[in-house]
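I have a structure I would like to understand better, so I am pasting it below and will then ask my questions one at a time.
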Amino acid sequence: MSATVPVLEVRGVTKSYGDRAVLRGIDLEVGEHCAVALIGASGSGKSTLLRCIDLLEEIDDGDVFLDGEVITDPSCPAVGVRRRLGLVFQAFNLFPHLTVLQNVVLAPMRSHGVPRAEAEASARELLGRFGLEGREGDYPDRLSGGQQQRVAIVRALATRPRALLLDEVTSALDPELVGEVLSLVRGLKEQGMTMVIATHEMAFAREVADEVCFLHEGRVLERGDPARIFSAPEQPETRQFLRRVVETGRL
Amino acid sequence: GDDDETASPTTETTALACEKADLALVTPGTLTVATDSPAFPPYVIDDDPTSGKGFESAVAYAIAEELGFTAEEVTWIRVPFNSTFAPGPKKFDFDLNQVSIKAERQKGADFSSPYYTTPQGVLVAGDSEFAGATTLTDLKDAQIGVQVGTTSLDAVNEVIAPGKQVRVFNDSNDVVRALKNGQVDAIVTDLPTTLYLRDAVVEGSTLVGQFEAPGGDDWGAVLEKDSELTPCVTAAVDSLRDSGELASITEQWIGAEAPVLALE
Amino acid sequence: MDIAPDRRAAREAARRRHARRGSVVAAVSSVVVLGGLAMLIVSSPGWEDVQRTFFSWEVFRDSFPDVLAGFWLDVKLFLVVEAVVLVLALGVALVRSTRAPALFPVRLMATVFTDVMRGVPVILVVYLIGFGVPALGIAPDWLVQDPIYLGGIALALCYTAYVAEVYRAGLDSVHPSQRAAALAVGLSETQAMRHVIVPQAVRRVVPPLLNDFISLQKDVALVAILGPQEAFRVAQISAASDFNFTPFLAAAMLYLMVTVPLARIVDRQQAKARRRQGHVVAT
Amino acid sequence: MDIAPDRRAAREAARRRHARRGSVVAAVSSVVVLGGLAMLIVSSPGWEDVQRTFFSWEVFRDSFPDVLAGFWLDVKLFLVVEAVVLVLALGVALVRSTRAPALFPVRLMATVFTDVMRGVPVILVVYLIGFGVPALGIAPDWLVQDPIYLGGIALALCYTAYVAEVYRAGLDSVHPSQRAAALAVGLSETQAMRHVIVPQAVRRVVPPLLNDFISLQKDVALVAILGPQEAFRVAQISAASDFNFTPFLAAAMLYLMVTVPLARIVDRQQAKARRRQGHVVAT
Amino acid sequence: MSATVPVLEVRGVTKSYGDRAVLRGIDLEVGEHCAVALIGASGSGKSTLLRCIDLLEEIDDGDVFLDGEVITDPSCPAVGVRRRLGLVFQAFNLFPHLTVLQNVVLAPMRSHGVPRAEAEASARELLGRFGLEGREGDYPDRLSGGQQQRVAIVRALATRPRALLLDEVTSALDPELVGEVLSLVRGLKEQGMTMVIATHEMAFAREVADEVCFLHEGRVLERGDPARIFSAPEQPETRQFLRRVVETGRL
């Protein structure tokens, strides 16, 4: 594939729930090996955008391209697309009837045809990296919030996706683990993973992202180099958002 | 109606306790007679027992007359077969419903002396391989169907002892349908029913013959257990039998003959 | 930092005492109520009569072997029909749960099927299939001759409709985010159903499924309409000839011998599944 | 940033086309299958006979008024019994769902009750209550005289057991964190049940409840054992006297006229509740 | 009540799930108008401790006192205790069958007997303060993660509890809202609310708390003035934890 084609491209995507317009024409490009951070207020549409990219919501208009292919076309097989993408949900959405290990190996075994032994070995290895060794046999309801979130990340990574969509993957983590996950994500990025990261953790945006997009009421109000955005935001809304962020000490 | 105006007076045979006025009735002054709903020919014609048409309807009016009741003083009620022998007080004075007299049954209810002793009739489809049966042994391999709650099942099991388990159906409608469909080869019912089914229900069927149920299949009127009325009804039935009136009622409603099937 | 063992023991004891007192009150009041009812019944004027016609030991003993012989037929038929129903019903439920507009006609058929089959009395379906199909004259002989096949088909049709609705309720009760998660990891719709939705749904509907299981076990007796002498029919024959209802009790006893252990097993298993998941919240 | 309207229209059209093609395939195949089956039946040698005995218009017309008259009895009895059952069953289910050790005896009673009442055939309970209670000689006259009361009691006992189990499954399917949240805001156990657990449970069990609703509606016919001429018994009488099964069809039609609209209403309402909650996930 | 009696006192509380000891003898005191922050790694037992204090879990040993009264005694009526405490769950646990407004007014109306009109008025006022005006009629499943979290906070506040137990109340919030909630909590504190705050947000600990407790594997390893803890931690575990926190830029 030509290097000029972005891995993910979102063009003029709109989405409403009933009367409420949640996305009002989003444009976004994510090049190979790039990480784009979505920041913005609660309710600005970050999660919705990620769900739309993963074809979990039908969009009203616009297009999403994956490796140059229009995936939002009704004739495009959604399963194939989703196999190439990994999504970590904000609310984790672990499978409560499966143990931690089963949660992780389900997709590799069923949709990628990895043999059980192999799938389990690599799942254990990944779980270990996230400090979850010894919890493989537990059911999700028995885990603490942070443990559940890590399982959700491992589950998405286990399918070795072409691009990762991360929705607030550090919200339930303690600062120590945030650091851990941050460096894991940085590692993924160095290995060339393409990522879209919806986050309230500005460290993510600053340290991992190649580009930061500021979402405001369903529109991309401003985008650019993290250093530039954080130091010299152009839009008044961005400025105000960042001012508050600084006040909370999250930058 | 076939009410015989000249029936012989039976006051002598009826004990003093059976004076009409002294009878312990469900509804004083009227004789409450029960039968099933619906009641079928030839026992009751057109499901109307008050007409006096039909074997059991006629017998009921004859008994009533023996006991000193006019036709107007007879009330009919409908009682499902099962609840005729439910324990406890009864809503009727007596019940005529082709109930066979059996020792077991006498523990739960009283019976009058028999007003009819029925043989069993065997009905097959006209084109059946069993249409030519002349002995009971010929029927050994037949798939036989009967109605539930009748003595026919015992009769078939004991007398024919068929090789295939007898099929037991809910009512004559079902048993007839099974015969028509070829789901059973032959059906066995009491002879009056057999005759009726052959003549009016199953076109082209053949009544291959009749046989006696072991120990006879006697039908009696059912009364409440230890009812004071039992001896009176028995006396009335006996007197009807002695006078030959019972025979003539029987002749009128269940007349025809059928070949007797013998055990080989 | 450890607490003296007698502190812990005292707390345990208090808890037990508390529980025991409540237990005694509850036990005594139940015994009083039930005992009173039993006394009332046994001392009633008609008790002897009732005992003779409903609870006669002799009649029970005499009729039991025949009823038991008939019961095997029920058990066999029940097992086969139940197995068929569990599979067919899942299919119908899955069809009814699809949302794709293209499948509208199939969904409509499934809806009509469940509506009609649930709405029509089982006995009527048994009549229609059991007597109607042979009457058409096109069914093969083996089918016509054996009422078990036709009766089984009729029962399977009716219960598929019931069980499908139970499954459907279960499928609907799984939160849509579970389906989204399954799709997101790359499972197909079918795989999401099979590995994520259905397992969670089935667990939730086990008790109502058991209801329909038990109903079916009893409705198996309806094939008696077509002639075979299964347990309930045998009891009926014996009750009618003896003017005594006790044989029905023998049949009921047999049913209970199957359903009660089944209910206990299901309960135990449900409790285990529940304990495994979720925090136990103290009272 | 807005997209040209023809882009949107094109996408809509493509979607519709896609759906329509699938729809047509599904519709055609259903018509072929159903039509073939119908053809086979109508052209069979026995069709005329079947039509005459199962689907006779004259018989239907003649028997319908009587069957309808009997049906009112069913409807009345059904409504009363159902109302009683819905309340009693919730009580039994709540008792069975308690965890307090003190309530063990009550819980045991509730368990035995559901096990026995579900396990025993409804017809046997109708026999026992309907014939047994009057035979005891202690019941008041009004109760003994009217088979409707005794039959209703018998039905209510049986169906309370069934419905209680359905409720219980619903209660268990509500995640324990919901109970924790309700307690945490300061609600009592009872209030948590009433305002948080039960409302969520009831919504989930509506379809299986409807199953039991419909079963009950049909089992109401069992009171015919005690004598009253309700719809099914009337149909049976009429069928037996005419040697024709069509009157059953009349009864079935009446049942369907109640259950089908009921099923549709429930479906619509469930769909609404579902839409209101949770994301709609596209396919 | 005497000023020397702490509002909440936890003494030697232990709690295991099966073989896993989660709390191994926790001691904690929260004086009137004080806020205590619980910090510590994921899985260290913070949420469990809060659930135990709210009597949602039966403890194995030890005691919890509320205003000097032993509330963990089996004879103590749990409902009365829970009415005096407010708990915001880490997973929100909103009632999905009730609208936002109904979620908030349920407890005031049912367990505190507040008339509907009054309860709704104050609920609307509170929701407004948290930026949720116009969402009163929505069902929780339709809200974004941050919106759900704010509803959960409002629901707990609506019962005007004697003491508040907050479990990660800012995990799903954007930095702007974190600042907002931070200042709301600060406001509560100034109005004299007594609070226990389990958090990964060190700003909370630093700016609101009077005391910080560092939990490590079910034990309180270190406690003290926030300034002291953050500048001169005594225990090596605390030092390591804080070092990582600093690295992530969360301090």
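Should a chain be cited, it is by its letter among A, B, C, D and E, assigned in written order, with residues numbered from 1 in that chain.
Basically, contacts are C-beta pairs under 8 Å (C-beta built on N, C-alpha and C of every residue); 3 or more make two chains touch, one makes a residue touch a chain.
Because the structure is predicted, anything quoted here is derived from the model rather than measured.
Novice: Using the touch definition from the top, list the chains contacting both chain B and chain E.
Specialist: C, D
Novice: Could you work out which chain's C-alpha centre is the most distant one from the centre of chain E?
Specialist: Farthest chain from chain E, going by C-alpha centroids: B.
Novice: Comparing A-C against B-D, which pair counts more contacting C-beta pairs?
Specialist: A-C
Novice: Would you mind pulling out the distance in Å between where the CA atoms of chain A average out and where those of chain E do?
Specialist: 29
Novice: What whole-number Å value describes the gap between the mean CA coordinates of chain A and chain D?
Specialist: Computed value for the inter-centroid distance: 46 Å.
Novice: Could you grab the centroid distance between chain A and chain B? Build each centroid from C-alpha atoms only and quote it in angstrom.
Specialist: Distance between chain centres: 85 Å.
Novice: Could you list which residues of chain A touch at least two other chains?
Specialist: 51, 55-56, 78, 91, 142
Novice: So which stretches of chain D touch two or more other chains?
Specialist: Those would be 18, 49, 53, 131, 135, 137, 177, 180, 183, 189, 245, 278-281, 283.
Novice: Any chance you could list the residues of chain B touching two or more other chains?
Specialist: Correct list: 82, 86-88, 177, 180.
Novice: Going by the touch rule stated at the top, which chains touch which?
Specialist: A-C, A-D, A-E, B-C, B-D, C-D, C-E, D-E
Novice: Which chain E residues qualify as touching chain C in the complex?
Specialist: My answer: residues 12, 14, 24-25, 27, 51, 55-58, 60-62, 73-75, 78, 219.
Novice: Can you list the chain E residues touching chain D in their complex?
Specialist: Interface residues on the chain E side: 51, 54-56, 78-79, 82-83, 85-87, 89, 91, 93-97, 106-107, 110-112, 139, 141-142, 155-156, 159.
Novice: Could you list, by residue number, the parts of chain D that touch chain A in their complex?
Specialist: 1-3, 7-8, 11, 14-15, 18, 279-283
Novice: Help me check something: in the complex, which residues belonging to chain B touch chain C?
Specialist: Spelled out, the residues of chain B in touch with chain C are 81-82, 85-88, 102, 104-105, 107-109, 143, 145, 148-149, 151, 153-154, 165-170, 174, 177-178, 180-184, 225.
Novice: Mind pulling up the chain C residues that touch chain D in the complex?
Specialist: 18-23, 25-27, 30, 34, 40-41, 44-47, 49-50, 53-54, 99-106, 109, 111, 114-116, 118-124, 127-128, 131-132, 135-138, 162, 165-166, 168-169, 172-173, 175-177, 179-180, 183, 189, 204-208, 210-212, 214-215, 218, 221, 232, 245, 248-249, 251-252, 255-256, 258-260, 263-264, 267, 270, 274, 278-281, 283
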